[in-house]
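So, here come the structures, one by one.
Each of the two complexes below includes subunit A, the first together with subunit B, the second together with subunit C.
So, the complex of A and B:
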């Protein structure tokens, strides 16, 4: 087949332009901006003053940012362990030969395809509602006391619980596809050798899912680091200490929010760079920890 | 009908209970919201939403649609999603085709760049984009259309690329012998051949744009360009003053329905698409 140079050029040019405009140039400029004193996000290069690592020392010196990082870490670790364990549990149940497998799989994944704003609203306005919410109605049924799920001491964990509910389905799908990739005769041979279900899971399924688990940890890390929407929904008007996360801190510092006296785009850029570095580091660590041997079967 | 093996089913019982509780919880939540969307605020607070003692309050939907401007948000989101789906295809399909077919200068770099761009967090690009947009004075609906198209290009290109790569070159050779020009071959023969992949990637693009929130929040400067996510947030924030719970739940249902209906009809295709694409251990 002849190579049509003009066609190759015109066919690939638009996507190249998108890549440059939407990704390459902005990423470079954000990294650069994180080392400069930039007040307004729209300020031209001539208004930038070199600041060394000043922006980084500023954000790490800020109590709010440290709180935000702490919350993010909790979401990543506690939320991650619960989400991935639940997802694994669901995946194992669904591949165990139950009836209505397709229905259950579709129903559990469903929260992932609907608008997260709508999903968060359902949780805030119904499940966690103090007066008529599901949880307090259940408490009443069992003779317990009503709880202020959205009070400042409970809010963070309520938010994490709702976020977990919305996430489990996605990781479940990843695990299901991993489990279904394992040949059935592995399990048949193990059954013949007298290995129980639990033993089969720990000795066959888990080791062979190494690659899939690695992928799921990477995806979870990206989701936890870029956590934003749920905080915005749980404290919609003013950012609160209890639910703040780094991206909300970034949003407030760059675009203005409660308690932000002077906007600081440079500091915002530094937050972006820090979060991206965290994602890269977590990725590298999981790659090392779960060195997959690229098994062929 | 097959005989039910009760012994086997009994063994699976704990599993059934686990997934059933999860699904039941989801069903209770959705049906309650649906019930509440047809009730008055008073009924919602007194816990009598499923009795419909005062009738079914369709007017909640009318209020949400007209007074609370959900019609505007809905129209905007539909516009953004549809335009983005077509726009991104127009950019990505040709690129995916030539990238999968020929080795050329910069081709490999473009491909790697697109793969990396897929995992670049939005916070790394949002500030310079904002700056460009303000300098160029791009405003209104066209702004979000452009941004959503560009945002989906890396994913769509890489997704389609894998499918073009599986097609045999004999199609093009035959077309060439018949005197069909190369761009025409792409448009009339190759693109229709990857139609299933185009459908899947379009569903994903649609849902992703419909549910997008971060950029919408930053770039929405007026009611007339607000998409559903940000619009719903505004409705909830103004609830303190309106106190119209029924209307809010009606708005939630309206925002929730499009992608939900899409899912009801296409769940198999969507689920296959989630794990068939980039996700591989």
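So, the complex of A and C:
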């Protein structure tokens, strides 16, 4: 038994060390840094100046950060509702025994295997383009006026729409695997009892997918909180207010931007801590809302 | 069960925080690992007749830098034309001096890793980045090149406005210009000729006349992409207020009642007169491409717009450049945007002189000319010739006394800069009825 314990220790050590160095240390350093005035992210401790909650006061006092948080909230809430509902709908349709199930599943998932940069470029240059974009060509076809999809009023929602397009397939696959894990007997019994498809969905599928839904909400929350690349693609050259999100604010604060030479790693760390707290809160709320019933089937 | 929950919570937060803290550096590092290669692998070496580096063999028949190894971190990727020229220059330098040069292609995100690497004392001798960042962010870790530059009479073949700017920022010369940039109004000479415009406009009134003539000829006078709206409006602001005043207003507010109202009103007048091409402000690079398609004639941008448009549209626009027009009662009517990507040497480099000699080989004479021709950029050596699409840029840069920074005054307020940018886009979209309304909205940000 003693030998076994030693073996377990030595076998775990490499992973444990990796975890400590690559996960725990950065987390501790970031939390600590958020209470200090630090210019460069790699500055030595001797260059840190205690700042109390100054970094938090700074970021919450910043209009740009508040705008970024507002944008993130919209992406999480509106984008989340649309994405998860669409994903659920498609998963239910695909698992309902339609013809060409494999084709539809692959087609809907396909955006996930395309580079997000290529996907964003496609949306910006070929779908939203003012002069020859797909949407304006369709508008012209129906006698409508051209719309500035990427004008300051529409840019945010255009970006969210493109992001949703790229995300639905991933969540659909999660739901499909959840639905396929439910024994067919349940549905057969319900059918014999006279339950329709809608009733079967609300009374069998949804309750048994609680755990999967909880997981997908957590995943979506992490996706929305770490939203970065799409903003960069939709506001090239320099960050714009209409598309800014907290991680981009963090990036600009820590590294500066075009023509900006001021850097504040302490404030950036504070943004990181705030975002993590948000994820933890969302996780806790979903845990409370979707209590696991420990159903076995 | 509870323990399991706490553990999963900890894992989720650790994953998230580490993802946030680690953002930025990883891609560049991995890219560099993939792209690292010795210039010795360059297919052919070129003679370096124009180099400032001595090719004299040192005593004993050995070459000057035999046994010296230099490492360069480049802001280009290995497939870019700039990289090809750097490799050729490095191969020539190796042959001439006996030194070995290792080049790591870091790409544009080099600025995300430079700070950390310099602080950590990573082993590299030369690096490339924006000269403003080299002067203001990395100055502590850069070598003072003043004496070396004097020894080769650098001032006689470089741009005084850029050198003076670096010295003003840092107190010494800590970088050598590799890729100078100049801003202004870039235009299609053929469109001007077709519209009957004989001379480049010097004043705002002349500029408006040119716009009208272009419009009458059926061409959209001005192209404008949303990405550059702040840069374009900044020119108008600088003419009326000067950079110092813009900095003061950006930091403290108080735009209403200043000449900023006139500047904004002039942009609104341009919109109302229909002087912007259809769709402007468009999503980058849609509007600038319209010059290549013959739909627009002018754009306020930096010199790289010429290569971008030609490349994007597959055309050879007959480019011209004039300084942004002077406005009535303007306080800064001659300033032009000037910037550069420059080369610096790390303060802890053990082979600073060899590194400097290589930089000189790269930024002067034959290789600089090759860089200008291949990458379609302004030569760093003023004795060289700009490619045809950048005719006049060397002269403009040489005559510029006060270089204008990239929206420097507006960017002085790093917290509001994104708001400023979005408001500039809205200004060009015609969202404001008057300059006064625009300035009121600016003041509302404070």
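A few comments on the model shown:
We adopt the following convention: the second predicted complex is superposed on the first by the 273 of 297 C-alpha atoms of A that agree within 3 Å, B and C clash if a C-alpha of one lies under 4 Å from a C-alpha of the other, contacts with A are read in each partner's own complex, and residues count from 1 in each chain.
The rule is simple: a residue touches a chain if its C-beta (ideal position, glycine included) is under 8 Å from a C-beta of that chain, and two chains touch if they have at least 3 such contacts.
Here the structure is a predicted model, which means the values were calculated and not measured.
Overlaying the two complexes via subunit A brings subunit B and subunit C into a clash.
By the touch criterion defined above, A:130 reaches subunit C but does not reach subunit B.
Of the two partner chains placed by the overlay, neither subunit B nor subunit C lies in contact with A:45. Applying the stated contact rule after C-alpha superposition, one finds that A:239 touches subunit C and leaves subunit B untouched. By the touch criterion defined above, A:122 reaches subunit B but does not reach subunit C. By the touch criterion stated above, A:281 is placed in contact with neither subunit B nor subunit C. Of the two partner chains placed by the overlay, subunit B and subunit C both lie in contact with A:255.
In the superposed model, A:64 makes contact with subunit C only, not with subunit B. When the two complexes are overlaid on their common chain A, residue A:150 makes contact with subunit C while staying clear of subunit B. In the superposition on chain A, A:247 makes contact with both subunit B and subunit C.
Touching more residues of subunit A than its counterpart among subunit B and subunit C is B.
Superposed model on chain A: among 5-13, 131-139, 149-157 or 167-175, the stretch of subunit B in collision with subunit C is 131-139, the rest showing no clash. Taken together, the two structures place residues 19, 22-24, 26-27, 29-30, 41-43, 125, 131, 222, 225-226, 228, 236-237, 247, 250-251, 254-255, 269, 271-273, 275-276, 279 of subunit A in contact with subunit B in one case and with subunit C in the other. Residue ranges on subunit C touching subunit A, taken from their complex, read 5, 9, 12-24, 111-112, 115-116, 119-120, 132-133, 136-137, 226-228, 230, 278-279, 282-284, 286, 405-408, 411, 414-419, 421-422, 425-426, 429, 431, 445. Subunit B contributes residues 8-9, 12, 15-16, 18-19, 22-23, 26, 28-30, 32-33, 36, 44-47, 90-92, 94-95, 97-99, 101-102, 104, 106-107, 110, 113-114, 116-117, 119-132, 134-135, 147, 149-151, 153-154, 157, 169, 172-173, 176, 182-183, 186, 207, 210-211, 213-214, 217-218, 228-230, 232-233, 236-237, 245, 248-249, 252, 255-256, 259-260, 262-263, 267-268, 270-271, 274-275, 279-281 to its touches with subunit A in the complex. Residues 19, 22-24, 26-27, 29-31, 40-44, 62-64, 67, 124-125, 128-131, 148, 150-152, 218, 222, 225-226, 228, 235-242, 244, 247, 250-263, 269, 271-273, 275-276, 279-280, 283-284, 287 of subunit A are the ones that touch subunit C when the two sit in their complex. Looking at the complex, you find that subunit A touches subunit B at residues 1-5, 7-8, 10-12, 14-16, 18-19, 21-27, 29-30, 33, 41-43, 89-90, 92-94, 96-99, 102, 104-111, 113-119, 121-122, 125-127, 131-132, 134, 137, 170, 173-174, 176-178, 181, 209-212, 214-215, 222, 225-226, 228-229, 232-233, 236-237, 247, 250-251, 254-255, 265, 268-269, 271-273, 275-276, 279, 292.
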